[in-house]
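Structures given as structure tokens follow.
In the two complexes that follow, chain A is the common piece, with chain B as its partner first and chain C second.
== the complex of A and B ==
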């Protein structure tokens, strides 16, 4: 078992997480109700109540390199059940953002999926499924995954060859632009 | 007037954030001030001696102490100046600690504020009048509200001390929660066996007058002289005739009535005696279920009653009792389990509360002590306890610990192992709270000797899985989810304020906290007193507590009453409202606003009607003063003139500064 040195408690990291999530990590009294209800604990490397504990002792690297924060489905069972009224799902969200910022994303596939999804919405104003799948497959270097399903889905009209358009695609683009602008300004 | 000013440092409490010396120097310049000084601890013996010496040497006739809140030391200093020969009311305190040094971080601004507070206090004392308290008689009878273990202990101790006691209990029998319990922790002795003798003592004590199935309608008066209107609810049975034979229960055809004593895990008859050891052992009809009341015809009990005690026409009766003090021991309630949706409580029969399980374990309970699944009556092979069900839960508005659940869960876990051979028992807990004498050893025994499996973590969900209940929790020590298929789930439900606690508090004019528990006068030093003189607290109405603590508080409250009643007369507080009869126009607006009923009509010789304050009833709240149109009614030591003098002093200070 490893030894945690008190010097490794990163108070700046705790403050960043608290500021960006609006949640106070010291509120957590480690009852474990978040983990008890979490439907993805089976896949997590660190159960969510331990993510909260690692946050309380400012273990930045371990938290931001964890797989759990990327496997979280944001189902918000943890938030609903928390007797201390901590929005745990929001904390997990903030951790994903911080992990990207720090360049410590441990689940590149999940990150790639988020990116392809958002790129598609940005370009077309809505989801272009085929585009998302292809981009995601290329980024994760497995171009032909699920390719066999393609004709079936096309036949049933579940996916389309060409992207659809929506009214107000320009407005959606504006949202992305505003976000990019805001991010530049705020660093 | 010759006023002396004494500024306290209170160590660094005031001295650290206020320049006390500078305040004293500034005070020397104020009108009427002939002496001013500062001292490290004014409340200490040398500090008080300094005041007394100054009164004599400087011929002071008024004193201002700038220190802490008057709630802490007003009486100390009043006695100090009285010992030096001054009238004890020629005194005022400027609060430069709670209102100044503790809250401001700018020492210069604090010092300025402290100086202004002293200046105001000096202006007020300059307008003080000598006041003298008068003595009034004490009615040495005590009213105890609640016949649980705390209330019974208080009643017995008062009665043994020679006082006449009136004990009022809401239910038909005394005993309270403890009468529902099977065993008590950590000794595992039979609850009713140790409570029963106390119940009998209460019933047989010639100094105790017992009203069961009764509630308080109204409380009026003041310490030493309270009047209580007690509503004796109609049991529809003449208790002077009822012998408690139970024949009516045998014959009553309405057998599906809610069983309050068994917390709804069984049904009872519409006419019932709650439990075999009930005291008084008298029957009562529940009109919500009785066919005579719901359908208009039946009358079986009236026919079978050998002493003809049944009376369907009976009405509530109001009795009035005069007492000098009141002990409130109204106990606690339990969380409405419907609030715990994720545990399925109230929806699934095999998820029950701790108190329901207690009834099931009880030999005189509906299952004669056999542990059974409520759904099919089978004996469970696996029982899961969930602690903190609703307690320590800010999301349900109950962030507090319910105090006794950890211990009764350990007890029930042990009893389960005793009652059901080969049963598996699991306890989900967040922390085990066992600080009482022998408590830690008890919870260890449950684990070591009885093999109860304790799992450190909370339960997220309980749902049916076939015939059993699936409990989804966590073992935080392992960092793993824990799934248990249980036959029976027992919730350690949160203790809450007793139903109706707030309404009663308003009748008694005592305060309660955000959860409805009654507020003690001081959390450490006055734990059984309230801020209403003559009203005392005992037991769980003040906050969840176990039996030893409740009994301790019952005795403590009784000793407070006995001490209060050791004098035949009490001194009234002269800081009350007084009417200037020449100014009073007889509109009696004061009478309407007075919350204490302290104002009466008085006819002058010329036939004119004016208001008159009943000295002992007035609490000095000042509501009448601000209502009176011609300003005829004035609160002594807080008159309009004194308030104006204070405001003027403050304005002078501001004028000088600008």
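== the complex of A and C ==
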């Protein structure tokens, strides 16, 4: 069995996760139900119940550097089945947010996709699907990812070659700006 | 019957890769006496990417749409997309908290109450219209066809937020399929994950998970899988060839939106329902249906 030194318990980290998620991590009694139902566990480096355990003992670095938190699909199975009624998916979400802040994102591709998506929303107010794919491919230097899907969509009116920008695109951009400003002021 | 009026939030996919979901949703709503009034100048709900950045940003991107819908003086907003649904519902829950409500108002710079009800189009068809009214309008029952009802993750989860159907064993689509004359056998993978938004960045996740869903549908001898989510559709239909390559299969499993199933039964043609817009052709299932209808007519 692995032992953890008391000195390595980061209580501040536990408090941050609890505050931001609204969940009490000490409630978890390690039954493993979340992991049993987790469809992504095959791809995780650390199964979700162990993420919860590492959290309880404040292992900030290991948790925030894990691949698991970025491979979670937020399918909500763990949250639905937790006998302690912990919103586990919410905890995983908060851990992703914290790993962004800490600069410890383990899955750059996943993050690049999310960022390309949000950049598109910021520019056009809505998602411009082709733009997201192109930007993602450029960022990850894999120019032909999913290029084979193009012919399945073209000619069916299912993919647009140019973005459709909404009237309120400026208003949406303002939301991003105010949000960034607010977070800067906080801290 | 007086038409029920709803504020309508299509979501970005409906204008792109889920164009046939949009066409069939509008046609079916119209036929069932549901008036969908599109929220003017709606914007993206933020979806999965936003909640990996910050919950307040996620809330604000969705809340702008709640605020626009509230100006329409309608009591319910409906969306066909589960990802939009969960974003809009989460923002609504957030707005119940005074401090958060103030935060959201400041970010979107619009009046916001957070009182408008949010429902999926599936819920509106199942609960507000109901099976009886639906059955009464069936013109061409889908006799002889077997569908695998696939709900995916977030139509009914988490239950506190979804407040619809059963989280572990949802039956709304099963019952709608039965109401239009087709078979919906028990489908053990009905709430398993298809791989969600990982198609681009982590394709193997989608291949692994969608392979299981496709295999499960084959195991119950389904003629098609039925979905209510643009992303599930993308993974199971558009990426089916990628999934086949991964699992060494040659599956040609059609994937239909629930609105296409209903629309066909209400008398629309396959073309009107956009059944020719999928990556996997529906020729075989449509031919099977035609044969059944002919036999029935004799």
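Couple of notes before you dig in:
We adopt the following convention: the second predicted complex is superposed on the first by the 181 of 187 C-alpha atoms of A that agree within 3 Å, B and C clash if a C-alpha of one lies under 4 Å from a C-alpha of the other, contacts with A are read in each partner's own complex, and residues count from 1 in each chain.
One rule holds for everything that comes next: a residue touches a chain if its C-beta (ideal position, glycine included) is under 8 Å from a C-beta of that chain, and two chains touch if they have at least 3 such contacts.
All of these numbers come straight from a predicted model, not from anything done at the bench.
Superimposing the complexes on chain A yields a three-chain arrangement in which chain B and chain C fit side by side.
In the superposed model, A:168 makes contact with chain C only, not with chain B. Between chain B and chain C, C contacts the larger number of chain A residues. Judged by the touch definition given at the top, the superposed model places A:77 against both chain B and chain C. In the superposed model, A:147 makes contact with neither chain B nor chain C. By the touch criterion stated above, A:30 is placed in contact with chain B alone, chain C being left untouched. In the superposition on chain A, no contact is made by A:138 with either chain B or chain C.
Contacts of A:50 after superposition: chain B is touched, whereas chain C is not reached.
When the two complexes are overlaid on their common chain A, residue A:15 makes contact with neither chain B nor chain C. Once the two structures are overlaid on chain A, chain A sits at the apex of an angle of 80° toward chain B and chain C, using CA centres and rounding to a multiple of 10.
Taking every C-alpha of chain B against every C-alpha of chain C after the fit on chain A, the minimum distance is 5 Å. When the two complexes are superposed on chain A, the residues of chain A that touch both chain B and chain C are 42, 77. Looking at the complex, you find that chain A touches chain C at residues 20, 39-40, 42-43, 71, 73-77, 79-80, 87, 89, 93, 96-97, 100, 107, 109-115, 117-118, 121, 125-127, 129, 133, 136, 140, 145-146, 148-149, 152-153, 156-160, 164, 166-169, 171-172, 174-176, 178-179, 182-183.
Across the complex, chain C meets chain A through its residues 12-13, 15-20, 41-44, 46-57, 60-61, 64, 106-109, 153-154, 157-159, 167-168, 191-193, 195-202, 204-205, 208-209, 238-239, 241, 276-277, 279. Those residues of chain B that touch chain A in the complex are listed here as 342, 388, 392-396, 430, 456-461, 472-476, 479-482. By the touch criterion stated above, chain A contacts chain B in their complex at residues 29-33, 35-38, 41-42, 46-47, 49-50, 77, 81-85.
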